Each structure stands twice: as structure tokens, then as C-alpha cells.
Amino acid sequence: MPITEFRQALNQALEEEMIRDEKVYIMGEEVAEYNGAYKVTKGLLDKFGEKRVRDTPITEAGFTGLGIGSAMMGLRPVVEYMSWNFSLVAIDQIISNAAKMYYMTGGQFSVPIVMRGASGAAAQVSCQHSHNLESFYAHIPGLIVMAPSTPYDAKGLLKAAIRNDNPVIFLENEMLYGDMGEVPEEEYLIEIGKGDIKREGTDVTICAHLRQVGFALEAAEILAKEGISAEVVDPRTIKPLDIDLIADSVRKTKRLVVAEEGHKFCGFGSEVSALIHEMCFDDLDHPVIRVSQGENPLPYAKNIEAASLPDVQDIVAAAKKSLYK
Amino acid sequence: MKNIGKEKALQMLEQMIRVRRFEEGCLKSYQQKFITGFCHTYIGQEAVAVGAMAHLTPTDAYITSYRCHAQGLIGGLTSREVMAEMFGKITGCVRGKGGSMHVFSKKNNYLGGHGIVGGQIPIGLGAAFALKYEEKEGVALTFFGDGASMQGTFHESLNLASLWDVPVIFICENNQYGMGTANDRALANPQVSDFAAAYKMKGYEVDGMNLESSYKAFGEIIADCKKNSRPALVNVTTYRYQGHSVSDAGLYRTKDEVKCWKEKDPINSFYKSMEEQGWIDEEGYKALDKEMKAEVKDALEFAKESPWPPMDELTNHVYA
Amino acid sequence: MPITEFRQALNQALEEEMIRDEKVYIMGEEVAEYNGAYKVTKGLLDKFGEKRVRDTPITEAGFTGLGIGSAMMGLRPVVEYMSWNFSLVAIDQIISNAAKMYYMTGGQFSVPIVMRGASGAAAQVSCQHSHNLESFYAHIPGLIVMAPSTPYDAKGLLKAAIRNDNPVIFLENEMLYGDMGEVPEEEYLIEIGKGDIKREGTDVTICAHLRQVGFALEAAEILAKEGISAEVVDPRTIKPLDIDLIADSVRKTKRLVVAEEGHKFCGFGSEVSALIHEMCFDDLDHPVIRVSQGENPLPYAKNIEAASLPDVQDIVAAAKKSLYK
Amino acid sequence: MKNIGKEKALQMLEQMIRVRRFEEGCLKSYQQKFITGFCHTYIGQEAVAVGAMAHLTPTDAYITSYRCHAQGLIGGLTSREVMAEMFGKITGCVRGKGGSMHVFSKKNNYLGGHGIVGGQIPIGLGAAFALKYEEKEGVALTFFGDGASMQGTFHESLNLASLWDVPVIFICENNQYGMGTANDRALANPQVSDFAAAYKMKGYEVDGMNLESSYKAFGEIIADCKKNSRPALVNVTTYRYQGHSVSDAGLYRTKDEVKCWKEKDPINSFYKSMEEQGWIDEEGYKALDKEMKAEVKDALEFAKESPWPPMDELTNHVYA
């Protein structure tokens, strides 16, 4: 299988779906002439022209609403937020309109829109530029939330997202764009709502998504050296959530660490923790442990930024703690 | 009137009366607690939507705020379908899920009834964008209130529309108030068409109390928009007779003021013009009115007798 | 003690604080001449004049930002959202600016702003008008989130909120505005972050806030008739959360039901559940049970709206379930 | 030049050179990885902030976007304080918590450096509102980019400012691009001052490449704003020499274009005018430049040697 860069996998997904379906178009800041702030849309303007690859003004509410309206009329927009931080100025469009439209119209108007972009902390971009919004969007019925960790998953999920008739929140991470991974040449889709065991193990389950998957795998290596066998479960989609996959793993390992980059309070980890306690109460040998960002805005300075973000060592420590080690 | 012609005039008069009687039916049913939640009527503003929508073809789209019954009825929904929605019945146009603020009709390209002030503006823009993208000859009428015109989405949408040559017509139904706030207490400049020039689009002032003017103006505006694929901003002067919603006592305006506007009543004045043309007489008017009343009565019966949504409707349509 | 209406208690708090401090002013849609959409600000324009009680255009992002800027300069704005649904168009101001300002400026600029208004479902106002945003705002470090259930708590908390130097999210509920309760004549404040036991009991703890407190108390009555003694804990502030009070109760009763009006996924109940499992794992005789709204947009029709919203019976059933009954 | 006078001219020249040398220091330090994250320089735009802020009194407030080093330095922060912030050190103006995009100074009424495009506009409005509320004679300068001018917050803020007579001056630093997008690909009308009239406020076009013009124009605008407590919208034509941020290669514009603008360099042209007045000569200029370079060098040393924030800084200042 060809080894492909994460951003290139996304780019392939966009290109293939644009070839397949004329109704798919791309819109966002710097996606066309500039080839994307993070080069995810590189070359697409040249291939598909101005009609289908469109640079927007810096007006997220406006172009998100435009996308929603066009989706109601049958188009399939892929909207890029340069980063998900900027979706906050458009969140009313996403929640009040995109998420609720199909329901509110009694099933008349579906909104097949994909909103994608970089999510979470990058490298020292400070607190207005480092939001993890998983828990916001996953809280709202009507939205699908994806958070792939590998080029393979990213491509398969993005293609599935574009073909899906619901609004999809597609979270990427700047620190992953350069990651390399196997991506097959033949076409494939990933089923929405299906998680993936990224590493098998028997002693403790680590649930992680996006960048934390890599950290979890590193942690598993370290733990292995200490004789602890960790299973890494990547839900891939935050909503719908493949909780059964996580629960099955927990029933085997009796322990769960949920690692996420975002804040803890009412975060995604809270949900996984609550669900697993509900489903596996009698199986658990230790309460679920949440690993997440400090309960402070993310600062700029390297040392305290690093201290605030969850990392491999935090996961290792949590896994050991779950084993009372 | 000549340009309108008798047939069209009769049709529009009927639409205005239908809307008015329908809204009166809503008011009554609200008092009787058949309708709950919020309920905003269009009484007084009939000439705006009727005059504008008279020029639409089946390709065109339209969208508005929570004050959305009229556009539904004018665009082709039956009184039964809309009234049943008010009552929250499964026979309603959105299966009882939306209620008064969320009338929609996919088959008529009616992108609905929206509750967040200003929230529908970019969606209307997007509908027009889609028409252009698919190379269909069509426009999207995007209705909103004077109060909505100062929301950020207005600015962002007008800029995008002009920049991308989107065939959307922004229609500010300037009914003088956003809830209890007179437009000059909320808008630095209540003559909203003044904003058009800055976006390099055409701006229009239209008398929305007079169907003849409204019909004529929108005819030209829509034709121009289709021909040149350029957006336009229209400020329509109008007035709502009732409170903002059914629960608003309307203490912020004087009886005199209301009376003054009612003297320009769009239905009455249009009827008079038609009478002058010899297209209708008192008897004809009464017959029409009676017909509309009967239609609304039937719709009320229908709504009352229709069943509630079944329980599985609760979890239907969360995802497509 | 005088029996006072909920909205009147809020009104008293506003009036008292405005008398005490000239820097306090009120701003929002219809708060002045109309006396407030729900009459919370009734009479204040007459008492304090146009300078301090201001009707705004319908531009939540604009006037929220204005409030934040004025707070940075030393004023103490109280911003009313006619309902919290409309805060979604202003949420970037609240999160990127109000919440992060003190931190991002290294402690230079605090933002003493109170944002208040009706939250959650009213009576059949459909899905764009029925948001519960507790979990959004509580997720963000830098914000305080209050959710009082009684006139007494509402007054004491609102006064504390206005005097506090941080941005405060103050959640009310339309269905509570007419509630009556005792409010002392003499001045009092409620400590931020201190919960309250609304009813003592020994068999099961019910954690509830806002309108759910009343439901929980009703449920407790019903349970009492069946010989089950329920303790009702009202955190009053969602953040900071008095988790110790809840945990202490759970250590006694061994069971917890968390009732909230909002959605379940990544909701406030998830957080309480996760925390209590972390803190009281060995005390619990049953996993924490969450009672919340259905995972669908809230529909208009009375019957299905009622079916979607959590009510007294749902709490009763959950409490019994926690007792394996 | 006469109106400026020698002393003020020298002071402003110094400020422009300080800003330029400071930003050059940032660029170098970014390449050396002392500065990380985003970093946006002000090179080329110096005459805008210097000309506008020259008229401020200690009561006045000001605010801008992430392109915020210049306003900090001009307003009274030392090069050391700002540079240490770039480096993320505890001696930085916001204790290393903000970095390049978040320079603030409470003692100077500098409401900072904001990362969300358009997000600072209503905050600047609020600062001016507070000045008026407290009956202080003051204005708030609210800087933002051409790209920001189409955000919803622009519209909402201008309306509120005009409606409530708030003494705020909205300054669009129209440097021709929002990142890689030329202003005519993002704005239906790049002459942003055209928007003023719709809000019934005064609009101005100012040449931001020329300090003399900028100084003169802002002198009048600020005086008028203070006198009448009325907002104004100023579109300032300017240009950034560097990429949008340090990581931008700037492929969207030609070398010729950049060269063309550099010929109007604000520092050079102002120096020439001063020379004509006999207020400075080449030697004097060189000495001043040397002084500024030394100051920046010192700031870099200081930043390098300053300690990182201690660990407890992480959890400090979450709540006041």
C-alpha cells in the first residue's frame, strides 16, 4: 500500500468525491488560490475550477449558512474552517440550522454538509486558537462528529462523510497533517460509527481519538516494557459512538483510561466514563480514569503549554494507576 | 392595475384574505389553547409577501423568519397543512415538529420558518447560490425583519451575495418594530435600503401597504435579478397590526398609531382599486371572504380532528 | 419572610446591586421600555434611567462584546439574553474573549460581566428555542455557571455574581419565573460554588438543578410514600461545582440519580457521573443513573415534547432502578 | 509638517523605526525558533498606528487584532516587555501567556491583541462606551484589518456605536490582503469607508503609507469624535511588506507589487520630509536607527535571558 501523508489522504478523498459527484463543492478561507492554509485542498482549484473550489471572505457564519442553504437545495458543500476555533462565530448556523433542520422540517430538508478543519492545540498558538470542540458538537443531536487519527481513517471517513446526508463535523489536527500512513489505491469507505482497535491488549483499555491515539500507542509501548498489555481503542467517530467496542474491550481488561486533548469538565471523556460505568460497572476493577487538558485556557509559553496538554507520560501514569501500580 | 390584470388581481386578493383569515383563526385558536408556544401573525403585512411571491416560478426559492405562515400559504401549502402544524398534529406540514415558527415546504422550495433572528439570511443566500450553481434560472427571496437587519449575518450575507453575483433578493419587512423596540431605537438608519450601495448592489424602497406598488416593484426587482444575476436589497415599509406575538400586549405604541396604519390597509386598498377597475364588487368581495373563512374553518376542524404525532415520531428524523 | 416571585427576587438583586454600585448597568433586548420580555427588569428603567438600563438592537455578539469591553474598563454590565438560545450567535465573544481574557492578559484585565436569561425548554417553543447550554459553558475554564432553582437562591446568587470579578453565566428558566418562595428582607449573598441539600434522605441521592429540583422534590414525595427516602442535592452553581457535597451524600445513600433537562451526551450529568464514579466507586451500590432529555431536537407537539423532556416520573423510575426496584 | 513640529516628528520617526526594528528582530528570532506559534509583523504599516496614536491622551483606549506589537510599543510598553512576551517568558507583558498575538497593557489602556478576526471590534466599542459612561473625555481606537471588515461584528458594532453616540473610531487597516486573499476577492467594496454613510456616521479615506497624512487626518478625526461623541469609520490604505505571518511565503503577490509599495515606504518618506525641514540629517537618522537597533538587541538579550513562567503560572489567573 502506498504510504501517504495525512493531508494527502484528505486531499484524495476530496478529489475522488468531487469527481464522483458534481454537487460536491469546497468553500473556505484560502482553500483555492492559496491551496489551503494547511494545504489539504492543494491542487483542487486547478482541477475543478473556481465554481467548485471557492475562497471565501472571513465570514464563517455567512458562508456556513450559505453552505446549509445550498445543501437544503441538494448541493453537497464541504466547508473548511481554517481551524475549528473559528467555528464559534458560526456555531449558531451549525446548531440551530444544520443540526436541527431535518428534524424540524419533519424529514423534508436534509443538510448534507461536511464541515472540516484543524482542531485543538497546535504548537503554542495560545488560548484563542486551541479549542477542542468535540464535546460541544457531540452534545447536539443531529450532528455526526468524526475525529480520525490516521491517514487511512481520515480518507475513508471523509469520503463517507461527504456521501452522508447529515451535517458532519470533521475534526483534524494540525500536528497530524504531516503524519504518514498506509492508504490503499483502491476506493474504500469507513462505516460511520465503527471504532477501531489500534492495538490489542489484555490489561487495560485506552480510549483515544485524534492525536491522542498516537500518544496512546506510544504509551502502550512503554507499558509493554513494564509487562502491562494495553489495548488502544480509537472510536474514530465521536458521534455516533461505538461504545460497544469500548465496552467489550473493558469487559476484557477491566480498566479504562480515556485520553482526550480537550478540557475535562463535561468533555468527551466524561461521556465515555459515564457510559462505561453504566455498562460495565461490575466488570471494572478501577473507576475509569480521564486524561485531559488542564482546566485553564491554554497558555503560549512552551513549558506551561506542555504541562497543560495531556501526553504519553500522562497516559502511562493513568494506565498504571488503573492497575494500582 | 392594468399590468396586473384581473385574473392575477383576484388571485392576489384571495391570497391576502386567506392569510388574514388564517391568522385570525390562529389568534382565536391560541386563546383557546389549541395553539401553544410562540405564534406570530402576518396581519397587516399581507401585501409584502403576496406582491413579491406573485412573480415566482416553481424554480425559485424563498425563506423567512418565524413569521412564516403567509409565505407557506401563498407558496402553495393548504390551510389545512399549515393549521394542523399550528396545532402540532401529524398532518401538519412538518408533522407537528415545528409549530407556528417552522412552516416549511420542500415541494414548493419554501426553506421555511426560522426562529433565530437573522439566522435565515445566509440560508436564503445559499438557496440562491445553489440555483446558480445548478444553472437554473431562479432567485431566492429572503425575507427578514427590520430588527434582523442589524444582525451580523445580514452584513456577511450581503457581502457574499454581491461578491459572488448570487441571485438573491434580501427583503427587509420593515414593520417599524422589532418586538417592542421601534426601528429608530435599534437601527442607526431605519431606511435599510441605504445599506445596498456600500455592497455595490441595488437598493429599493417599497411601499408594503399597497399591493399594487409592491407587485410592481418586485416584478422589476426580480426580473432584474434574474437577468443580471445580481442581488438586491429591498426595504419594504409595512406594519403589523397585532402584537409581536400572541403574548405581546403592544403597550409600546399608541392606538392612534395603529389606527393610522390600518387606514392604509393593504386588503382594503387593493379591493378598492379592483372595484374601480370593475373587477370586483362588494358582493364578489363578500363571497370571496366567505370562501376564505370557510376554508379556515375547515382547516381548524381538520387540525382539531387530526391525530397527534405517534410516539415514534419523537425519534424519527434526527438523522437522515 | 416575605413570599416572593422568582422574577421579583432577580429584580431585587438587580436593583440592590445597582444602588450599591454605579458601575453596574443592564443591557439587552426589551429590558428597558418593555420592562423585560419576562419582566425580570421591570421598573428598573424608571428607577435608574436610560444610561443604566439600555435596550439593545438584536445583535447579541455586538452587545456582548460591548459589555466585555466595558467590563475591561471597570464597568460591571449585566447582559440579558432574552433566552440563552440567542447566546449562540454571541458565543465566540463569551468564550474567546470573556472567558479567556483574565488569563490571556496575565491577570491584567478581569471581565466582571454577568450574562443572564431564560434557559432550556419553555412550553412548546420548538427546537431552536429550547437549548440547555450548561455543558457548553461549564466546559470552558474561566466561566462561572449558575443555575438557581428557588427565588432565594436566585437572588443571593445573582448578587454574588454581580460582585464577582469573573464572567458569570446565569441560567434561569421561563417555567420558574412565576414560582414563589421565601426571600428575606435583609441583604444576603450566596457563596459561589456551594450547593444546597434541598431535602434530606438516606436511600438515594438525586442531584438536580434549575427546574429539575422541583421535579426531584416531587419525586422524593412519591418515593417517600413507597418507603424510599431520597436526598435532593442542588449544586446551585454548575461551575465551580460542589462535588464534595454530592459525594458526601452519595457516600451516605450509595446511589445517585442526576437529573438534568438537557441532552445526555457530554452533558452535565456525564460530568457528575464521571466525578462520582471517580470519587465514590467503592461506595456505590449501583452505577450513577442519568435522567435527561431525549437525544433528539425538542419537537413542538405537546405529546412528543412531553415524552422527550425528563419529568417527575423519570426521576422516580431512576431512583427505584438504583435501588434495584 | 509645520503642524507636527520638530519634536513630535522626531518622536514619531523614532516610533516607526522602533517598530520596524522590533519586527525585524521578531522575524530573526522566529527563524531561530525563539519565537513560536503565530507571528504577524507590522512592517510597512507603521504610519497607521503611529499617526493615529500620536493624538491619544492617557484616558484614551485602543485595541487591535493579533497584529499587535506596534500598538504595544507605541502606547508605552518597552521593547523588553513585548519581546519577552514573544519568547514566552515570565517577564513578558502578559507573563508569557499570550505570545505574539496577545500583547496587552492595562496601565496604558491597551485592550490588546486579539486572535479571532473581527472579535475585537465590539470590545473596542465597549471601551469607548465605558469612557462615555464614566463621563471621561476619551475615545477608543479600534483597529482591524480589511479582512475583518466583513465579519458580522463589524456591522453590529457600527450600528451600536452610531445609535448610542459612542466615541469610538473604527480603523480599517486596509493592507490589501487578508492572508492570501486580495481585498477585492473578499470585499464587495474594498473602499470600506463607503459603509459609514449607511450607519449615519462619518467615513474617511486615509493614506496610511504617509505619516504626515495619517497624522493630520487622525488629528481631525479624533478631535471631532471627542467633540461630538460620534463614532467614525476610517479606511486606511496601507501594505504589509512581509507575509501574513512568518510562515506565509506570500506567493499570491508579485515582487513588482511589493516593490512598488515599498517605494512609498512610510519611514523613508517621513524621514525625507523631515530632512527637507532641516529637522534631521542622514547622520541623525543613522544615530536614531542605531539606537533603535541597540534597544531591540537589548530586548532580545533580555528575552533570551528571562526565565520561563514558573509552573504555578499555569493555573494562575484562570479566575480573578
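Each chain carries a letter (A, B, C and D) given by its place in the written order, and its residues are counted from 1.
FYI, contacts are C-beta pairs under 8 Å (C-beta built on N, C-alpha and C of every residue); 3 or more make two chains touch, one makes a residue touch a chain.
In this text, all values refer to a predicted model and were calculated from it rather than measured experimentally.
Q: Can you name the chain that lies farthest from chain C, using the mean of each chain's Cα atoms as its centre?
A: Between chain C and the rest, the longest centre separation is with D.
Q: Centroid from C-alpha atoms only, then distance chain C to chain D, rounded to Å. What do you get?
A: About 40 Å separates the centre of chain C from that of chain D.
Q: Centre to centre, by mean C-alpha position, how many angstrom separate chain B and chain C?
A: 36
Q: What is the distance in Å between the mean C-alpha positions of chain A and chain C?
A: The answer is 30 Å.
Q: Multi-chain contacts in chain A: which residues touch at least two other chains?
A: In chain A, 56-57, 59, 61-62, 85, 88-89, 92, 96, 103-104, 126-128, 141-142, 295-297, 299 touch at least two other chains.
Q: Among the residues of chain B, which are close enough to touch at least two other chains?
A: 96-98, 102, 114-116, 119, 150-153, 155-156, 159, 163, 185-187, 318
Q: Work through the pairs of chains, note which ones touch, and then classify the graph as line, ring, star, complete or other.
A: Contact map by chain: complete.
Q: For the complex, which residues does chain C have touching chain D?
A: Interface residues on the chain C side: 25, 51, 54, 56-57, 59, 61-75, 92-93, 96-97, 102-112, 141-142, 144, 165-166.
Q: If we count contacts the way the header does, which residues on chain D are in touch with chain B in the complex?
A: Per the touch definition, chain D meets chain B at residues 150-156, 158-159, 162-163, 185-189, 194-195, 197-201.
Q: Applying the document's contact rule, which stretches of chain C touch chain A when the two form their complex?
A: 61, 85, 88-89, 91-92, 95-96, 99-100, 103-104, 126-128, 131, 134-136, 138-142, 239, 241, 262-263, 265-271, 273-274, 277-278, 281, 284, 286-290, 295-297, 299
Q: Which residues of chain A touch chain D in the complex?
A: Contact set of chain A toward chain D: 29-30, 33-34, 37, 55-59, 61-62, 85-86, 88-89, 122-129, 294-297, 299-304, 307-308.
Q: For chain B, which residues count as touching chain A in their complex?
A: Counting only chain B, the residues touching chain A are 61, 63, 92-98, 102, 104-106, 109, 111-112, 114-116, 119, 121-131, 133-134, 140, 152-153, 155-157, 159-160, 163-164, 316-320.
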